[in-house]
Amino acid sequence: MKIEAIDTSETKEYFINMGPQHPSTHGVLRLLLTLEGEIIKNVEPHIGYVHRAIEKMCEKSSFQQIIHLTDRLDYLSCHMNNEAVCLAVEQGLEMDVPERVKVIRTIIDELNRISSHTLWWGVMGMDMGAITSFLYGFREHEMITEIFEETCGARLTMSYNVPGGLMFDIPPNFQKMVKDFLFHFKKKLPEYDTLLSNNIIFTERTKGIGYLSKENAIAFGVTGPSARASGFACDVRKLKPYSAYHKVNFKEIIFTEGDCFARYKARIDEMWESVSIIEQLIDNIPEGDYFVKTKAVIKLPVGEYYQSVESARGEFGVYIVSDNKKNPYRVKFRSPGFANLSALNKIAQGCKIADLVAIMSTLDLVIPDIDR
Amino acid sequence: MKILSIYDFSNLTQAIHTWLSGKMSVVSTQVVEMILVGTVFLLFFAVLGLVLVYAERKVCAIIQVRLGPMRVGKWGTAQTLADFIKLVFKEPLITRDADKFLFNLAPFIIIIASFMAVAVMPFAKGLQAMDFDIGLFYISAVSSIGVTSILVAGWASNSKYSLIGAIRSGAQILSYELSAGLSLLTIVILTGSLQLSEIVESQADGWWIWKGHVSSIIAFVIFIIAGTAETNRGPFDMAEAESELTAGFHTEYSGIKFAFFFLAEYVNMFIIAAIGATVFFGGWMPLHVGNFEAFNNIMDYIPSVVWFFMKVSAIIFLMMWFRWTFPRLRIDQLLTLEWKYLLPLSLMNILLMAFLSLMGWHF
Amino acid sequence: MGLKEQNNLQNFPGEIHSAGNSNIIVTSLDGIVNWSRANSLWPLVFGTSCCAIEMMAAGSSKHDWSRFGTEVARATPRQADLIVVAGTIVHKMAPVLKRLYEQMAEPKYVIAMGACSVSGGPFFYNSYSVVKGVDHIIPVDVYVPGCPPRPEALLYGIIKLQEKIRDKKLLKDKPSTPIIIDKIPNNG
Amino acid sequence: MDREALKNKLIEVFPNASFSENKQFIILTTTSDKITEVVETLKNNIDFRFDYMFCITGEDWLNYFIITYHLRSTHLGHELVLKAKIENREKPEIETLSHLYSTAELNEREIFEMYGIHFLHHPDLRKLLLPDEWEGFPMRKDYYDPIHIVELE
C-alpha cells in the first residue's frame, strides 16, 4: 500500500452565495462571494431578479404613462424620478412651468430625500445589528409619507408630477404639516447621532472600512452621497440646477475619507442640508397656477433629450430619443444604483463578510433601481 | 443574621425527604427524589422559556416605541405559548446531505448543558437541588459544553452559513469563557469557597459588589460582557448574525429542534444572570443597609426566592437592553476585545483583588 | 342536505347540534393547534420591490404587526411560516421563489401582496420578463391588491389569513380556497 | 471649457468626424471601428479630459445600431455625446471601452444581452439581467415573444 503525504496546511478559497433572498441585500440581489476564511477575495454581483423590462415598456407607453413606471424604479426617491421625466418632456416641448410648481417640486424632492435617508439610516443600523434604529428611522419616514398622502393621495409611489406641472395643488395645511415635521425632525436627528454615529462599536466597524478612491468613484460612475464621501463633487443640484435649486443656499457635502463612515456621515449631513433647503422655501411658495395645460397626447419633436436629477442615491438620468410619435423611440434610465453597484467589487476586496454588509448599506442600493 | 424561617425551604424539602424515607428504602427514596427534582426543573424550564421570550418581546417593543404582542391573551401573554405549540407541530426538516445523527443530536446537547447548570443554582434558602463544594467551577465547566452543540449543529447541517456561524461561535465562546471564569475567580478570592451556598452566606452583611471595592465592580462589568458573549446575544450575536449569515448555525433547523436552540438561548441568559446575581449581588440575600434596623427588617419580610428572581430579572433586563441598543461587533473586533483588553484587565483585577484581600481593605 | 332529510329534521322534537366530521379529541386538538398556528405567523424576510417598503412599514412602530405575533421575521425559510410575496416576480426570480417555498417547513402560508404579485400589475402589458401573478408559481392563500397596498391592508390580509387557519382541519385538510381582499372595513 | 471652444477644438482634433448639435450637447458621431482611438483621445487629450462616462445607451434603428456614450469632464466641466454607429446588423461588433471606463463593463454586458451587440475584448461578456437560458434580444425593435409579452399599444 502506498501512503501519500497530504499537506494539511493548504488553504482553499470557497464560494458563498449571498442572496437572492438574504436580509442584507435589501431585495433580490445575488452576490457570489469568493472567500478565504472570512476575507473576501472577489464579489460578483448577479442582478436581474427584478428586471421588469421598464425600458421596453416605455417604448410602448405615452409620456404620461412613463412617469408612473419611474415610480417603481427607485421607489424611495420616486418624486425625483418623476421629475426627471417631466423635465425632459418639458425641455422637449420648450415649456416653462410656473415658479410655484418649481418650488413645490423642490420641497417635495427634499422631503423625499429625507424620507429615503431616514429609511436608509434605519436599515443601515439593522444591518449592523442594531435593530432598534430601524424602528426609529421608520418613525420619521412614516411622518413624511403622511404628508405625501395628504398632498397627493399616495404614500410611496406618488406620481405627483405631470408634464407641465403637478397633478394637484398642495393642500391648504401643507406648510403647517411640513413645518411641524421639520420641528420634530430637527430634534430627532441628533438622536440618530447618539444611537449610531457616536457609538464606539459602530464607528469601529465603519471607519477605515470599504475605501473608495475618488478616481475609482469617477471611473465606475459612482454618484450621490457615496461618491461625495470620496471627494467627487457630483451633485446635480449644484452642477446643473433644475427646478428651484438655483434659488436656495445649500452646501454640497463632500468628504475625502471615502470609507463607510464618510458615506454614512455624508447622508446624515445631507439630511441637515435638506432641512435647510425646505426651510428656505416653505414660506416662499409663490402664488399661481400649479400646472400648464398640455395636450392630451404629447409628441416630442424629433431629437434626443437628456435630463438628470439628483435622486437620493445619486445622479438619475433620463435619456429620451423621440421620433415625433406619441411614444418615445427609446428611453434609457441612467440609474445611480447600477453604477454604484458596479463599484462594489472594487470596494469590498480584502474586507470581511461583516464589512461587506456595512459597505452595501452605505452604498444604499435599491434593487429595482439597478435592474430597471 | 436571621432569615425568617417561614421562607426557609429546607424545612419543606426536609419534610418531603423524611416522609419518603419512611415509606421506602434509601435507594428508591433517592430515585423518587431525583425524578421529582427533574420534573420540577423541566416545568421550570418551560415556564422560564415562555416568560423570558415574552419579556424580551415586550422589552424590545418598549425600547422600539411599539406595543409588542397584544392580541393573544391579555396583553399578548399567551403569545409565546402559541409560538411554542406551533413550533412543536411544525415539520422538522433535515436536508439530504446533512449528517442525520449529529444533526438530531445537537439540539439535545445544548438543552442538556443548560439543564445541568441549573442543578446547582441556589434559588432560595434551602432551595437547591445539589450543593457541590465546587459549585462555581461546575457551572463554568458545564455551561461551556453548550458550544459543542453549536459546533456540531454547524458542521452537521452541511451548509456554509451554518459552518461559518458555528466556527465564529466556537472561537467566541472559548475566548470569553476565560474572562467569565477569571472575573468569578476575583470574588472567590474574597469568599474563599467555590460552594454556591457559602458564597451566598458570605454576603449576609453586604453584597460583594459593594464590599469588594472598585475591583469587584470591574469584575462585574467584565462578567456581564463575557456573559453576554457566552450566550451569543447581541451585540455579540456573531453566530447567528442575521444580516450576514441569515440565521447562523441553526439556519437549517426547523420546528421543535429550532425551538430547543431558541429556548437554550434564553435559559443560558438566565443562568448567566443567576450566577451574576449569586456571586455579585448576594443571591437570595435581602438588601440590608448598614444599621438601618427598621429597613432591614422590612426587607427580611420579602421572601428570599423573590429576592433572587428580582436580581436575576434586573440583570436579564440589562442584557436585553444591550441587545436592542448596540450594533453588532465584527468577529475580529470581538476577539480583539477579549484577548487584548478584557483578559489582561481581568488578570490585573485578580492581582488587585488579592492585594485588597491581603491588606484586609475590603469590608 | 336532501329534501327528505330536511323534512325529518322539522319533525324532530329537539335541537340538533352538529358534531362536525371529527370526534371530540381531534376537534379540540385542532382548535389548539390552529389557534397556535394562527397566532404565530413568522414571516420570511422576503421582498423584491416597492411593496417591501410597505411591508416594512407594517412592522414599524406605527402599524406594528408584532401585535398579531408576526414580528419574529426569520431570515431562513426553514423557520418561517408565512411568505409575504411583496413585489414583482420576474422569470429569473420565479425558480428561486419556488425553491424558497419548498424549503419552508409545513404548514406554510403565502400572502400575495401588491398588484404585481397578484396579477403582474402595472407590468402586465408589454413586459417580457414579469410573471403575471405569483400564483403561477406557488399556491396563494390571501391576495392583497394595491400598488403598493397600505400597511393596514397587509394587516387586514394577515387577520384574514388567521381566520382561515382557524377553520382548518388537522386530519382532514380540505383544499384551501384563496381569500381575495377587495375592501378593507373601516373598523378592521 | 465653454461650448464654442470645445466645438472648435473637437473639429480640430477630429477633422473627419461628423458633428451635430442640440440644445444640451454637442454630438460627435463616429463609426464602430474607430471608437477606441476616439475615446482614448477624448479621455487623454489635455484639452478634453473626459474622465466620467455617465450614461451608455444602445439604440436600435432597424438597419443599424447606435451606441450613445454620454461623457463629462470632472476637471473642465464640459459634456459631450459620442455616438458609435454599427452598420452590420447580422453580426454587430464594437470594441469594448471597459479598460478606459470601469463603469462600461456592466453597461456593455447589458447592451450585449439586450441588443446582441458583441463587445470585442470585453473581459466578461455574459448575460446580466436575463436568465442564462434566455434566447433572443428583447430590446431590439423586431423582438417578438407571443408567450411572455401581452401586447397593448
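Chains here go by letter, A, B, C and D, matching the order in which they are written, and residues are numbered from 1 within each.
Note that contacts are C-beta pairs under 8 Å (C-beta built on N, C-alpha and C of every residue); 3 or more make two chains touch, one makes a residue touch a chain.
These figures come from a predicted structure and were not determined experimentally.
Trainee: Farthest from subunit D by Cα centre, which chain is it? Let me know.
Mentor: The most distant chain relative to subunit D turns out to be B.
Trainee: Express in whole angstrom the distance between the two chain centres, defined as the mean CA positions of subunit A and subunit B.
Mentor: For subunit A versus subunit B, the centre distance works out to 45 Å.
Trainee: Which integer distance in Å separates the CA centroid of subunit A from that of subunit D?
Mentor: Computed value for the inter-centroid distance: 25 Å.
Trainee: Approximately how many whole Å separate the CA-defined centres of subunit B and subunit C?
Mentor: Their C-alpha centroids are separated by 38 Å.
Trainee: Once you find the CA centre of subunit B and the CA centre of subunit D, what distance in Å lies between them?
Mentor: Centres of subunit B and subunit D (C-alpha means) sit 64 Å apart.
Trainee: Quick check on subunit C: which residues sit in contact with 2+ other chains?
Mentor: 60-61, 75, 92, 125-129
Trainee: What parts of subunit D, by residue number, touch at least two of the other chains?
Mentor: 129-131, 138, 151-152
Trainee: Give the residues of subunit A touching no fewer than two other chains, as numbers and ranges.
Mentor: Only 22-23, 48, 51, 53, 56, 60, 135, 139 qualify.
Trainee: For this structure, enumerate the chain pairs that meet the touch criterion.
Mentor: Result of the pairwise touch check is A-B, A-C, A-D, B-C, C-D.
Trainee: Give every residue of subunit A touching subunit C within the complex, in rising order.
Mentor: Residues of subunit A touching subunit C: 20-23, 27-28, 48-54, 56-57, 60-61, 68-69, 71-72, 75-76, 119, 134-135, 138-139, 141-142, 145, 155-157, 367-368.
Trainee: Subunit A touches which residues of subunit B in the complex?
Mentor: Against subunit A, subunit B makes touches at 60, 63-66, 160-161, 164, 234-235, 237, 241-246, 324-333.
Trainee: For subunit D, which residues count as touching subunit A in their complex?
Mentor: Residues 22-25, 51-55, 57, 59-60, 68, 70, 74, 77, 81, 101-103, 105-107, 127-131, 138-139, 151-153 of subunit D touch subunit A in their complex.
Trainee: Spell out the residues on subunit A that touch subunit B in their complex, using ranges where they run on.
Mentor: Of all residues in subunit A, those touching subunit B are 14, 16, 22-24, 38, 125-132, 135-136, 139, 195-196, 199, 201-202, 204-205, 352-357.
Trainee: Can you check the complex and tell me which residues of subunit A touch subunit D?
Mentor: 47-48, 51, 53, 55-56, 60, 91, 216, 218-221, 223, 232-234, 239, 303-306, 308, 315, 317, 319, 321, 329-330, 332, 334, 338-339, 341-343, 346, 371
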